[in-house]
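Listed below are the structures to be examined.
Okay, so chain A shows up in both of these, paired with chain B first and chain C after.
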Partner chain A sequence: MAEGKSFFVDTTKCTACRGCQVACKQWNQRPGEKTYNQGSHQNPPDLSSNTWKVVRFSEAVGEKLNWYFFPDQCRHCVSPPCKDVAEGKAKGAVIQDDKTGAVIFNPKVKIKAEDFKEVKESCPYNIPRISGAGVMAKCTMCFDRIKEGLLPACVKACPTGTMHFGDRKAMLEMANKRLAEVKGVYKNATLTDPDDVRVIFLLIDDPKKYHKTAVAENTIGITRKMALKRILKPLKDFQWIG
Partner chain B sequence: MKITRRSFLKISGATAAGTVMGGLGFDFSPVESYAQELRIKGAKETTTVCCYCSVGCGIIVHTDAKGKVINTEGDPDHPTSEGALCAKGMSLYQLINNKDRLTKVLYRAPNSTKWEEKSWDWALTEMAKRIKKSRDASFTEKNDKGQVVNRTNGIAGIGSCHVNNEEGWLYQKFLRALGLVYIEMEARL
Partner chain C sequence: MADGPFPEHYEPLECPIEKNPLSSQRINPAIPLFKGELDKYTTCDPKFPFVATTYRLTEHWQTGLMTRYQPWLVEAEPQMYVELSLELAKLRGIKNGERITIASPRGKMWAKAMVTNRIKPFNIAGQTVHLVGLSWHYGWLVPKDGGDSANILTPSIGDANTMIPEYKVFLVNILKEERPKVEKKPEPKPAPKAEAKPAPKPEAKPEPKPAPKAETKK
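Entry: the complex of A and B
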């Protein structure tokens, strides 16, 4: 499933208006959160079970002030580690759509707090969040919209041309083309893990300056511990079916 | 379940493939697990203009059969915004579905600390009264040189970005009829 859909997020065009963030809340009918001033324009301070998209603001004070904007969201990994981990814990809690590649947390499946911790730790981008009721939540790629041929709410709203959504091949092409353009001005420009994820950001500086988990903290894929779990899993499934 | 060699191979094969595919093929289908009709399917679409800044972006308001607003989003056919919206425009939905929304006229008299509920009739009559009073008090028929000017110096008018050309024209016509010379437009502020 290398094809499917993808996002391309061109942060060189982002003005941090947060239209995407509000569009996400609006479409998904998530309530607002009571927050306090954290000394930054970033608000709310982090993702939560009700906030699936947040524009992160990072300031780097050097010779001149650099202000980095990073519209953070689930990357919809091509091989999602959260799914691998969740599979053995709460069946069907994480599902991946064959056609689009969207990684979706099933709102009908509950997960135990300690199991959730493992799912969260497996995510290289620190995305999964859990509600008080024990249901995991994150970006759904606006699955209900994209299956009807509509753009995800965040992409539809973006007024600056930062957010793009489409067939993976077209998005990768667009991302590489733009990277080549930007490279002329910003030597450090990179795309974030373009081969592994479906939400590809174009950054013009060290990704760590944008956000701690802008690029994968650990390599995506199967760690040794997870591989062991996978081997044990089929036996468990036999009991299930039998 | 009896494990035949064949099904065992099938499963272990799936496990090996699982590192790439991420799963054993026992997935719940997202369509079933996350079955959700598109919220705005069959909804009535009405176009409007964002009420906030002077850019005047186009918005589509989706209403259900009972006329309740169920969604608002950017209007791709609008010449100004082409479907895009900022954070404020995107939050327009809350303008309607909001328990804190004002639904009645509130009036605070000069020097008062209290808001009083009033009717629209009262508010419109009151505004008309005050415009008349201010106009009569500040009307200048002739300037210092004795030329006829018919000016109302005590009132200024600001047009809205959310009306169309024709409405804007009617509005300035009304202001000029009152004798206003301080006529501005939100788009220029």
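Entry: the complex of A and C
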């Protein structure tokens, strides 16, 4: 389980064409939302039960123009806190695939609004959304594609070489190699939580300038609430950690 | 060739300076100018002090007739916008995301203000000239409240040989929107309770309508 699959998102190559955002909607058959121009090219304004991938635009105000693009999506945590929380609330609502590590919200399991709130709060990246019917929704790692050996729709659609997908080991290798290259030009370049998640972004500046939840506030699993939940759970649930 | 044989610099038909700094001829003399009702041009006019330019987006194709019926693309770029510098926004008291009016001698339209660092004022012949950028992908029916095309503002002039349009430079004025706001803000994030509420509303609305009809029939 430590292996599985991973994404590497090299934002230095992202031009914010939003091919990934539209490809996600196309493959997963999500309808378009009614949106308004809010003074930014970013739209839809946020993730929703119908928008699982959104390219976030942020412009740093100052003398020099810094326009950062962040293709936000579920990070598919190696040990997903949403699964731990949801397990006690609605059994089988969150599933983790053994082979790939994909974290999937089961569309057949409904969850109560107050339970969903806890699941959402457990996510350090503010990803889970709920539909009107009480079903949670987010990125599925295009599970139906990857199990057939295809690339996820967003990776397939990316024209600039920003999105990569493959075996976790290869992706980590690629990410570290690219980080070393980029470090020469951008001293603040970082990888976002590479040990904890399966969607690793390469950013060239403070992650907060990209998006407020680009990196986890706390390392996954050490918030007080989560720590308590962990302690209370039987040990057999943790076999896959590490 | 209608003009030539040597390349020459001319100022655009509408420009913020009175003289061509490179020669005594301001605009290309070989271009035919239309004389229609809407062919009104202006130069160095204090009523239209800003330079406007038009360009495309990745999401829409030309006038958008093909792409504006595509919900995923309209979702990504839903409305006519005007990009302007922080300096100009400060000058006119315009906030980011606000609806503003853009006027040229040929017409006026509304657009969403996008205040950005990407656009900077020019220094032309010693004076500060502000630039605004527009796209021409919207207009007419779809999407609803998408706005109009920047072609309402542009002058009908092209180059001397092929009449390739000169829509990249013309003069406009921008003003705060006078009209009352019609547009609704996007709904809050779909919490199950919030979505449960709107459902009965549409049901409630059609109900009163059939009732008066039935009465009139009787």
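One rule holds in what follows: the second predicted complex is superposed on the first by the 222 of 242 C-alpha atoms of A that agree within 3 Å, B and C clash if a C-alpha of one lies under 4 Å from a C-alpha of the other, contacts with A are read in each partner's own complex, and residues count from 1 in each chain.
Definition applied: contacts are C-beta pairs under 8 Å (C-beta built on N, C-alpha and C of every residue); 3 or more make two chains touch, one makes a residue touch a chain.
Computed from a prediction, not measured in an experiment: that's the story for all the values here.
Engineer: Contact-wise, after the overlay, does A:48 reach chain B, chain C, both or neither (first, second, both, neither)?
Structural biologist: The second partner, chain C, only.
Engineer: Using the superposition on chain A described above, determine whether A:102 touches chain B (first), chain C (second), both, or neither.
Structural biologist: Touch partner of A:102: chain B, not chain C.
Engineer: Please indicate which partner A:80 is in contact with in the superposed arrangement: first for chain B, second for chain C, both, or neither.
Structural biologist: A:80 sits against chain B, while chain C stays out of touch.
Engineer: Tell me which partner A:124 touches in the superposition: chain B (first), chain C (second), both or neither.
Structural biologist: neither
Engineer: Is the number of chain A residues in contact higher for chain B or for chain C?
Structural biologist: B
Engineer: Contacts for A:152 in the overlay, against chain B (first) and chain C (second): which applies, first, second, both or neither?
Structural biologist: neither
Engineer: After superposition on the shared chain, which partner residues are touched by A:67: those of chain B (first), chain C (second), both, or neither?
Structural biologist: second
Engineer: Looking at the overlay, does A:194 come into contact with chain B only (first), chain C only (second), both, or neither?
Structural biologist: Once the two structures are laid over each other on A, A:194 reaches no partner at all.
Engineer: Determine, under the contact definition given at the top, whether A:26 touches first (chain B), second (chain C), both, or neither.
Structural biologist: Both chain B and chain C are touched by A:26.
Engineer: May I ask you to decide whether A:207 touches chain B, chain C, both, or neither, giving the answer as first, second, both or neither?
Structural biologist: neither
Engineer: Which chain A residues are contacted by chain C in one complex and by chain B in the other?
Structural biologist: Overlap of chain B and chain C footprints on chain A: residues 17-18, 21-22, 25-26.
Engineer: Using the touch rule from the top, collect the residues of chain C that touch chain A in their complex.
Structural biologist: Touch list, chain C to chain A: 58-59, 71-81, 86, 95-98, 112-118, 145, 183, 185-186, 189-193, 195-196.
Engineer: Quick one: in the complex, what on chain B touches chain A?
Structural biologist: Those in contact with chain A are residues 1, 3, 11-12, 14-15, 18-24, 26-31, 33-34, 36-39, 41, 57, 71-74, 81, 83-91, 93-94.
Engineer: Residues of chain A touching chain C in their complex?
Structural biologist: Against chain C, the touching part of chain A is residues 17-18, 21-22, 25-26, 31-41, 43-46, 48-49, 59, 61-62, 65, 67, 113, 116, 129-134.
Engineer: Report the residues of chain A in contact with chain B in the complex, numbered from low to high.
Structural biologist: These residues of chain A touch chain B: 1, 17-19, 21-23, 25-27, 79-80, 83-84, 87, 91-92, 95-97, 102, 104, 106-109, 140, 143-145, 147-148, 150, 153, 156-160, 221-222, 227, 230-231, 233-234, 237-238, 241-242.
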